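Shared between the two complexes below is subunit A, which has subunit B as its partner in the first and subunit C in the second.
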Partner chain A sequence: MLLQLTISGLSQGAIYALVALSLTVVYRSTTIVNFGHGDFVMAGAFVSYVLTVMLGVAFLPAAVLAVIAMFLLGLCFSRGLIRPIRGGPHIGYALMCIAVGYVLRGIARIVWGREVLPMPSVFDMPPVFIGNLVITGDAMFIIGTTTVLLAIFFAILALTDIGKMVQAVYQSQRGAQLIGINVDRFNDMAWGVGAAMGAMGGILIAPVSLLHPDLGASFLIKGFAAMTLGGFGSLHGAVIGALLLGVSEQYAGAYINSALIDITAYLIIVFVLLVRPHGLFGHKTVVKV
Partner chain B sequence: MKQTLNVLAMTLFTALPAFAGETTGLTDDTIKIGVMAPFSGNAASYSKAEVGMMAYYDKINEEGGVHGRKLVAIQEDTACDPAKGLAGVKKLIFQDEVFMLHGNSCSGVALAIRPVVEEAGLPWMIAHAASDSISNPRAPNIFHGLPTGSANGRAMAQFVLSRPDTKRVAIIEHSNDWAHSYSDPARAYLKENGVDPVADLVMERGQTDATAQILKIREAKPDFIIASLYEAETAIFLRDLKKYGMSDIPVMGTAGTDLENTLKRVGDLDTVKNYFVIHSYIDSLGGDKLKPWGDMIKKYNPDEELSTFSFASIGSAIAVVNALEAAGPDLTRSNFIAELEKINNLDTGILSDPITFTHDDHQGVKGSAVAGFVDGQPTVLRSWGERY
Partner chain C sequence: MMPTSAQLRFRTILFWLVPALMLAVPMVVNPYVLFIINGILIFVLITLGFNFVIGNLGQLAFANTAFFGIGAYSSAIATTSLGLPWIATIPLAGLAGALGGFLASAAALRGIRLYYLAIITLAFGELMRWIYVHAKSITGGTDGLSMPRETLLGFSLTDDRVKFYIFLVLTVVLVKATLNLLRSHIGRSIMAVRENEVATASLGIPTSRIIVIAFMWSGFVVGCAGSLFALHTAYVFPESFGMLQLIVSFAMVIVGGLGSVLGSILGAVVLTALPEYLRSFPGMEELFFGLIVIAVLLLLPQGLASLLRRLSPIFIERYYRE
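Let's turn to the complex of A and B:
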């Protein structure tokens, strides 16, 4: 049972990892927490649904188009709605994110109402049985795809100048500007990448969970919990935090009480903030006076 | 003297609405009926439940009405929001001055407006919302014209135990009042019959994976599972059950899901082959016995896409029209309520169980049939293996 729960937890955690990582990408670049990110996840899944089910596009090209569409949406969101309020109170960013998230959710509700929509299974293979252990096709597909995506993401950061730019902007926006980085444009790109990665999470989970306008709400809190556990601003911390969260949910549900699955994320946030506020891989903020 | 006049004035003031209310909403040729439903918002799909009732009114009107009076439905949107529902019911009662209310799809709204309706005293036939608390404790003017949550919950457990050799039953549910309204009466019925659930599990709304619950179910080795889950979570649970090779265990679901839509969501018959749901009608959605009712709805609403919800309110509409007929041309709210309370064992020709109201019991439908796939076809069942 332990191994079964671990596989299932890693599969769930892989989705949370994409959501947490996309939140962290935006947070690292802009110090803004996107409270509407769950709805970007939902929107990505719905774009993929429209392309796949309504327009008959094959899954892979549909997924790529949906990711591009969400990248552009993130870019436009940054340019059109975040840039104009830059310099204002931080709460303004939070409210703007929430408002746009609700607009996206509202659009989905207007178009699809309260319907729960099925997304065709992408990787329709029978589960593999090894004794009592069952490895489902969905789990293999999600874990495999996320591993590849994360490998590409971290390789780009480690092996290209983009990684250095990310680090420069994260350490000091003014310093980054002084060495010639267009920080505004960089931030727009960060919003675009964040929206696109969130969309990947939505696209992967949609065939497993069914689609509905409120799909993103639960993923947002999982993303926050993973970020908190991994350490705010830590990219690899977000991924590890997400995997630990996924596995913890399964263990808590099976070994303690199934009602705990839904509140594990909240318990982790409370526990980490009290015991280790900078998370597993974050750094304590030191202010020199 | 002045004090006596004041008391007299106050008495008249408080008594006046009661007397004036007896024939409010009536003219020589119309009966105004307030129909509340979530016509907008994220629960708008539930307003389909009121379509059948209004189509039945149209049919009665086409046949000449009730004692020459046409039934005029005045719609009010609740958006499934208690605040909107309260505003809506006050408008219907005090501004539109309807004779009675019929409808309402959301239990939360119905519970919120109950005190207003009870105080106003006009008759209210509940057509879709299932919570027991709307009509229990009994209010003199409030009637439940469909199976309540407790009736459905007991019907679920009855069906489960009708399967031979069923001794081990697992329950999986949401942790909200809606889910408890099914699972608690089911649990009580099981207990009355000497069965204690072998697993009591929670699956919250929005969960996208049921592995932990399913592994516990696997350990518990149940003969039957009762699933008090909403549509999305039901589909996820059934899919995961199949993934882990456990789809041979029958699952009993609530009236909040239906067979056809669940099949559409999970995508293959094999996943739902052992799924059963509460089904309050005499036939399945495409069946011959429901066809005349479906044709009636289509006749007056050509664009309506039929689902099981579309038929939910017709049984209560038949009870309303029966009582209006029985009350005669000198209709008042009091004699209408009195006639409702005389309805005994009314076979509506659409609900699986008859409607009976008494002075002390306004919850009219005490049971429900079950639907499941038999030989790949949706089939209405009275008990395990026994067709309706």
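Let's turn to the complex of A and C:
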């Protein structure tokens, strides 16, 4: 029972990890929290739906195309809508993100109306039985794919010059500019990567859940909770926070009350921020005058 | 350019003239439009309270949906379970909202600021909504509570014309009170905290107390709006107090003008009236809404109120800073 719950928790947590990590990528380089990120996740899922179900493209090329499309969307969003309002209050950024999310959701609703769309399962893998433990094909697929994606992501950060650039920009935008990093373009790229990674989460969740234009809202909150738990701005913290969130949702739902699944994320946010605001792996912020 | 004293007198006249002229509204418009106007008055109050915290105090707190729900449910529970007349529940709802404001300010005082504050207050609103759904014996769960039909001094409270006059009076009172509060030393301290909290504290101003007061006033105004909402729709259920509500009022603040009372009114009027026409097309409402917010952010970052300020100095609010 415990093991079974852990596995379904990890498979949920893997999706949250992609969402939380993509939020963190944007936050680290631009200090903007994308309040419209849930709708980017939804948009990624919808693009892959259009390609696979409506146009008959195979899943893998469709997923790659959807990720590229969302990367470009993130890039254009940063270039066209975030750069012009730079220097204004942070509230402006928050609302801009929400507004763009709204536009995406509006488009999705105009095209699909108020229907809920089922996505066909991708790989009809048979479930694996280990003792009385059942691992569904979808869970294996999600956990496996996410592990590979995360490995690639962290390898790029640790082993390449890009990783050093990311660190430089995170530490000081001005310093990074001084040593010849084009920070504006770097930020655009961060938005693109963030949107693309969020889309991956959407594409992975689409086959195991139903698609609807309001899909994103819950992912946004889960992403926030994972980031808060792991420590805002910490990359590995976001992943670990997400996995912990996925697992604790399952435990709370099974052992305490199934109604708790919906609010575990909120309870974690409130608890962590009141008790340990910098989370598990974040740095304490010190106010300097 | 500051307004001259003649212009200030004209402004005072204008402030009272507009609601005085509005007294005639129920006689000239049809019942549907009146219903919409009642909704606008409620949104004016929500935006007013929300703007007080994010515009004047400068804190990114999203708890106003929680205050709104708390106000609406307090009113509904007090009328249905305790049998109080609705009109008596308005101050009750306001106080309950202020209590919510007090709780939200506790987070801000704990040093939780900016995005952290945004996220924790967002969680506060959603947790309240969870309570509305699950505390079935008091709140009616997902079915919600329906308000009893009442009369006040012989007038039926289901009549939109009667509601309009009550809403109008309350809106004028709360707008005036907010303007006065902003002009007082408390209001000036609130805006000093927005500009620089540490410097404000160094002047001997109790910044913590100022933050609590600002949150509680915001909660009071929005709580009262919740009470009006309960009567307006005659039905209180959890879905009215979700994320959508929050985003709509957030957009109203920004479109009207951050930190401007006039802006709160303009934002509420424009964003309630226009999407109403698009209600029947799924998706169009959201698309339109998103686009108008993007346009305002790009072209008019100070909101619609700044347009009026450019037009005539009488619209300059003295405590407002560009």
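The definition used in the following text is that the second predicted complex is superposed on the first by the 286 of 289 C-alpha atoms of A that agree within 3 Å, B and C clash if a C-alpha of one lies under 4 Å from a C-alpha of the other, contacts with A are read in each partner's own complex, and residues count from 1 in each chain.
To be clear about the criterion, a contact is a pair of C-beta atoms (placed from the backbone, for glycine too) under 8 Å apart; a residue touches a chain by one contact, two chains touch by 3 or more.
Just so it is clear, the structure is predicted and the values come from calculations on it, not from any experiment.
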{"item": "First (subunit B), second (subunit C), both or neither touched by A:L267", "value": "second"}
{"item": "Touching partner for A:V100 - first (subunit B), second (subunit C), both, neither", "value": "second"}
{"item": "Partner chain in contact with A:A259 - subunit B first, subunit C second, else both or neither", "value": "both"}
{"item": "Touched partner set for A:V134, first subunit B, second subunit C, both or neither", "value": "first"}
{"item": "First, second, both or neither for A:L2, with subunit B first and subunit C second", "value": "neither"}
{"item": "Touching partner for A:A217 - first (subunit B), second (subunit C), both, neither", "value": "both"}
{"item": "Touching partner for A:P89 - first (subunit B), second (subunit C), both, neither", "value": "second"}
{"item": "Contacts of A:R109 with subunit B and subunit C, given as first, second, both or neither", "value": "both"}
{"item": "Touching both subunit B and subunit C, residues of subunit A", "value": "109, 113-114, 213, 217, 259, 262"}
{"item": "Subunit B - residues contacting subunit A, complex", "value": "42-46, 172, 175, 201-204, 206-209, 211-213, 215-216, 219, 231-232, 235-236, 239, 243-245, 264-267"}
{"item": "Residue ranges of subunit C in contact with subunit A within the complex", "value": "54, 60, 107, 110-112, 114-116, 118-120, 122-124, 126-127, 130, 134, 198, 243, 247, 250-251, 254, 258, 281-291, 293-294, 297-298, 301"}
{"item": "Footprint of subunit C on subunit A - complex, ascending", "value": "33, 35, 81, 84-85, 88-92, 94-96, 98-103, 105-111, 113-114, 213, 217, 221, 224, 228, 232, 259, 262-263, 265-267, 269-270, 273-274, 277, 287, 289"}
{"item": "Subunit A to subunit B touching residues, read off their complex", "value": "1, 4-5, 8, 11-12, 15, 109, 113-116, 118, 120-121, 127, 129, 134, 136, 138, 205, 208-210, 212-215, 217-218, 249-250, 253-254, 257-259, 261-262"}
